[in-house]
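Common to both upcoming complexes is chain A, partnered first by chain B, then by chain C.
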Partner chain A sequence: MDLIFLGAKAGLAVLLLVAGGAKVADLPGFTAAVALFAPSRLPRRLLRAAALALATTELALGGASLAAPSAGWLNLAVLALGCGFVAVSGAGYALHRDRSCRCFGALSQRRFDAAAIARAVVIAALAVLAAQPARAASVQLGLTARLLLLGCAAIVSVAAYTAARAIAAARDAQIGWSS
Partner chain B sequence: MIRVPLYLAVAQWALLLALGVLVVLMYRQLGRVLSRDAKRPQLGPAAGSRAVTLPYTRAGDDHEHYFVPGDGRPALLAFVDPTCPSCEELVTVLGTAQDAGELSGLRVLLLVSDPPAYLDISAAFRATKLEIGRPSDRDALAAYRASGTPLLVAIDGAGLVRAAASVIRRAEVQAFARACLLPDPLAVLPGPPLPRASHAPAADGHLHSTEHAGESEAAR
Partner chain C sequence: MSGMAATGAILFIVVAIAACAAAVLAILGTAQLAMSGPAAIERDGLARGERAPAWSLRAADGAGHRSPPARPLQLIIFADHSLKSFPSVVDGLRQLRDQDPAVEIVVLLRKRSEMAEPVLRLIGLEGIPVLAGSAALYADYNVRVGPFAIFVDSAGRVRASSLVNHGWQIAKLRQLADVPLLPAGGRSARPPRRRLAGA
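Let's turn to the complex of A and B:
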């Protein structure tokens, strides 16, 4: 069972790193998605700050969760974030159906639809699995291993950022109004 | 013998998988970019074709309005999006040209596909005094072939498309404005009717004639 629990934990951590990196790369787009759920008079600076805060929270949570598997509170934080995804997906489906959610920045063109709710529920379910206790020997990492994992987390985030930037630049020239 | 904690092994595989997915995504995008020229759809309506009536909702107003070409007033239609940096440039340039009186006599309409809330994220869109609308009829919108943004369409007073292209520079906007104001060549040429020719302005403002096969974009 440890394999399943730890697989869910590592998988979610990497997912957060990719999502956070891609969101930072497409901050204007993600700000637009955040604006859908904010009061219409809210200043743009605040919306942008909120979008940046959400993206960096995902990055920080992903990195910390990956490098510190024995910290139980991180599992709960990831679970709370997963529940937040379900709530946002539900609200998006009800209020802004088929609008782009920018969940992975420019890496994907996911929209607020029924599939998005299903995906968010799967993420929350994985977070529940990840919160299950594993044997201490399985999650005991030395300082070197933690630092290496943090380095790998940074590489994955930068890779996601770069990929999202490149894809956004390519799409910028061929945005489909007709689609 | 070195014992690797189970979590470390699992995390390494997860990281490797993520990097692999990102590499595949990048190569897919690279493939699309390299083959884009062959598949690229035409941007904008054909010059010389007749522009179609376009219903739209005005920003901050739920009522439906209509852009009716051929009512005697030339028009510049700009298909733009607040999340597209080049579109912001075009909106700024259009505003500057409008303030300088370079677009006098023309109707200028910015058309966005995003919901009104998106306008708040762009300083250029928030600051502009130009009319902003959101097309409300997909069929009419399809006739404009707005397959990419920004797209500027120049329509003369008779409702004929004089130019359509992705432009952001002021000289280009000025050329489009001049193209709107030129008389219909068929109306001024003496003699028997000639096959209609289309005209696309260059950045220097001169017109270059090209053969045009279709008469009416709306008829398609």
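Let's turn to the complex of A and C:
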């Protein structure tokens, strides 16, 4: 059971790091996805700021979850984010079915469909599992371990960012664009 | 730190590092797959029947152009001066420009380019306005690569959308653009899964 709890916690943290890094790499694309749920007259810069805020929140929560697993408020924040994913997936399915959700930037072609709702529910369920305060309190890390895991978090997010940028650039190059 | 807490910490570190390693491997694998095939762009663009973004832009000569268009149909070509590398597409555009006055053709750049208009004029696309768009506008159209063609009707609905590499694909999309849209609402009105023209 401990392994499931720890796996859920670490897995969620890594998922947030990958999603956040890839979204930052494709900010115009993710801004367009955010715009699907915003009033049509909202200025573009506000949408972009909201998209950037969401992506950096994912990065921050992912990094903090890895480096400070015993912090109870972090678990609740991740749980809230997971519930948010379910709500957005449901709304996307109802209002913008088959439009790209840009959940992982250029790393994936995920869309607002039934599978997206199922994935969001699984993420929320993992967040519920990882939010057990008694188990979280049993994982106390020292400074060295925190730094080590922060380093791992940085590697994962930079890898996601770089890969997403490379995929986008390769798509352009394949077709022969020079811009 | 108690023995139990220490065990929990060590276990968490091991699991977290394993998760990070698995994520990096998955990212590398995804990148390799994505860069080795065209499937990733299969669903770019907007589906038939979807509402297209509305905009109003000025060409280099100062003339204003907008979408939805005043004419029955507007063909938006997402490209830049590298369109010269697709002579068949250029032929298809020339043919459409000369033979179909119902269609307004515009070339939408991802960003301002001094080179694009002279080059496009040089390859025979004079008379087709070249508009400076933005990465954000491209994202609104869900277009990442080019040359990409989207037909929009005067009501602002997408009539046809695809990556194009040959002139006949332009002609095929033009034919598709003439097919009436199903009425909005109801499950049957959902646009079908799109394919690249000719794919």
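The definition used in the following text is that the second predicted complex is superposed on the first by the 165 of 179 C-alpha atoms of A that agree within 3 Å, B and C clash if a C-alpha of one lies under 4 Å from a C-alpha of the other, contacts with A are read in each partner's own complex, and residues count from 1 in each chain.
Methods note: a residue touches a chain if its C-beta (ideal position, glycine included) is under 8 Å from a C-beta of that chain, and two chains touch if they have at least 3 such contacts.
Remember, predicted model here, so these are calculated numbers, not experimental data.
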Query raised in the report: Looking at the combined model built on chain A, do chain B and chain C fit side by side or clash?
Result: clash
Query raised in the report: With the two structures laid over each other on chain A, which partner does A:L141 touch: chain B (first), chain C (second), both, or neither?
Result: both
Requested in this report: Identify the partner contact of A:P69: answer first if only chain B is touched, second if only chain C is, both if each is, neither if none is.
Outcome: both
Requested in this report: Report for A:L126: first if it touches chain B alone, second if chain C alone, otherwise both or neither.
Outcome: neither
Report task. Considering only touches as defined above, state whether A:L17 meets chain B (first), chain C (second), both or neither. Result -> both
Requested in this report: Considering only the touch criterion stated at the top, classify A:D98 as touching first (chain B), second (chain C), both, or neither.
Outcome: second
Requested in this report: Once the structures are superposed on A, label A:G7 by its partner contacts, choosing first (chain B), second (chain C), both or neither.
Outcome: both
Query raised in the report: So, does A:A35 touch the first partner chain B, the second partner chain C, both, or neither?
Result: both
Query raised in the report: Counting only touches as set out at the top, which of chain B and chain C does A:L81 meet: first, second, both, neither?
Result: neither
Query raised in the report: Now for A:I167: first (chain B), second (chain C), both, or neither, which partner does it touch?
Result: both
Query raised in the report: Where on chain A do the contacts with chain B and the contacts with chain C coincide?
Result: 2-3, 6-7, 9-11, 13-15, 17-18, 28-29, 31-32, 35, 44, 48, 66, 69, 99, 107, 138-141, 145, 149, 152-153, 155-156, 159-160, 163, 166-167, 170, 172, 174-178
Query - Contact footprint of chain C on chain A as seen in their complex - result: 2-3, 6-7, 9-11, 13-15, 17-18, 28-29, 31-32, 35, 44, 48, 66, 69, 97-100, 106-109, 111, 138-142, 145, 148-149, 152-153, 155-156, 159-160, 163, 166-168, 170-172, 174-179
Report task. Please give the residue numbers of chain B that touch chain A in the complex, ascending. Result -> 5-8, 10-15, 17-19, 22, 25-26, 29, 32-33, 36, 40-41, 79, 81-86, 113-118, 120-123, 126, 141-142, 145-149, 151
Requested in this report: Would you mind writing out the residues of chain A in touch with chain B in their complex?
Outcome: 2-3, 6-7, 9-11, 13-15, 17-18, 28-29, 31-32, 35-36, 40, 42, 44, 47-48, 66, 69, 96, 99, 107, 134, 137-141, 145, 149, 152-153, 155-156, 159-160, 163, 166-167, 170, 172-178
Requested in this report: Flag every residue of chain C that touches chain A in the complex, lowest number first.
Outcome: 1, 4-5, 8-9, 11-13, 15-20, 22-24, 27-28, 30-31, 34-35, 38, 40-41, 43, 47, 80-82, 85-86, 109-111, 113, 135-136, 138-140, 142, 144-147, 163, 190-191, 193
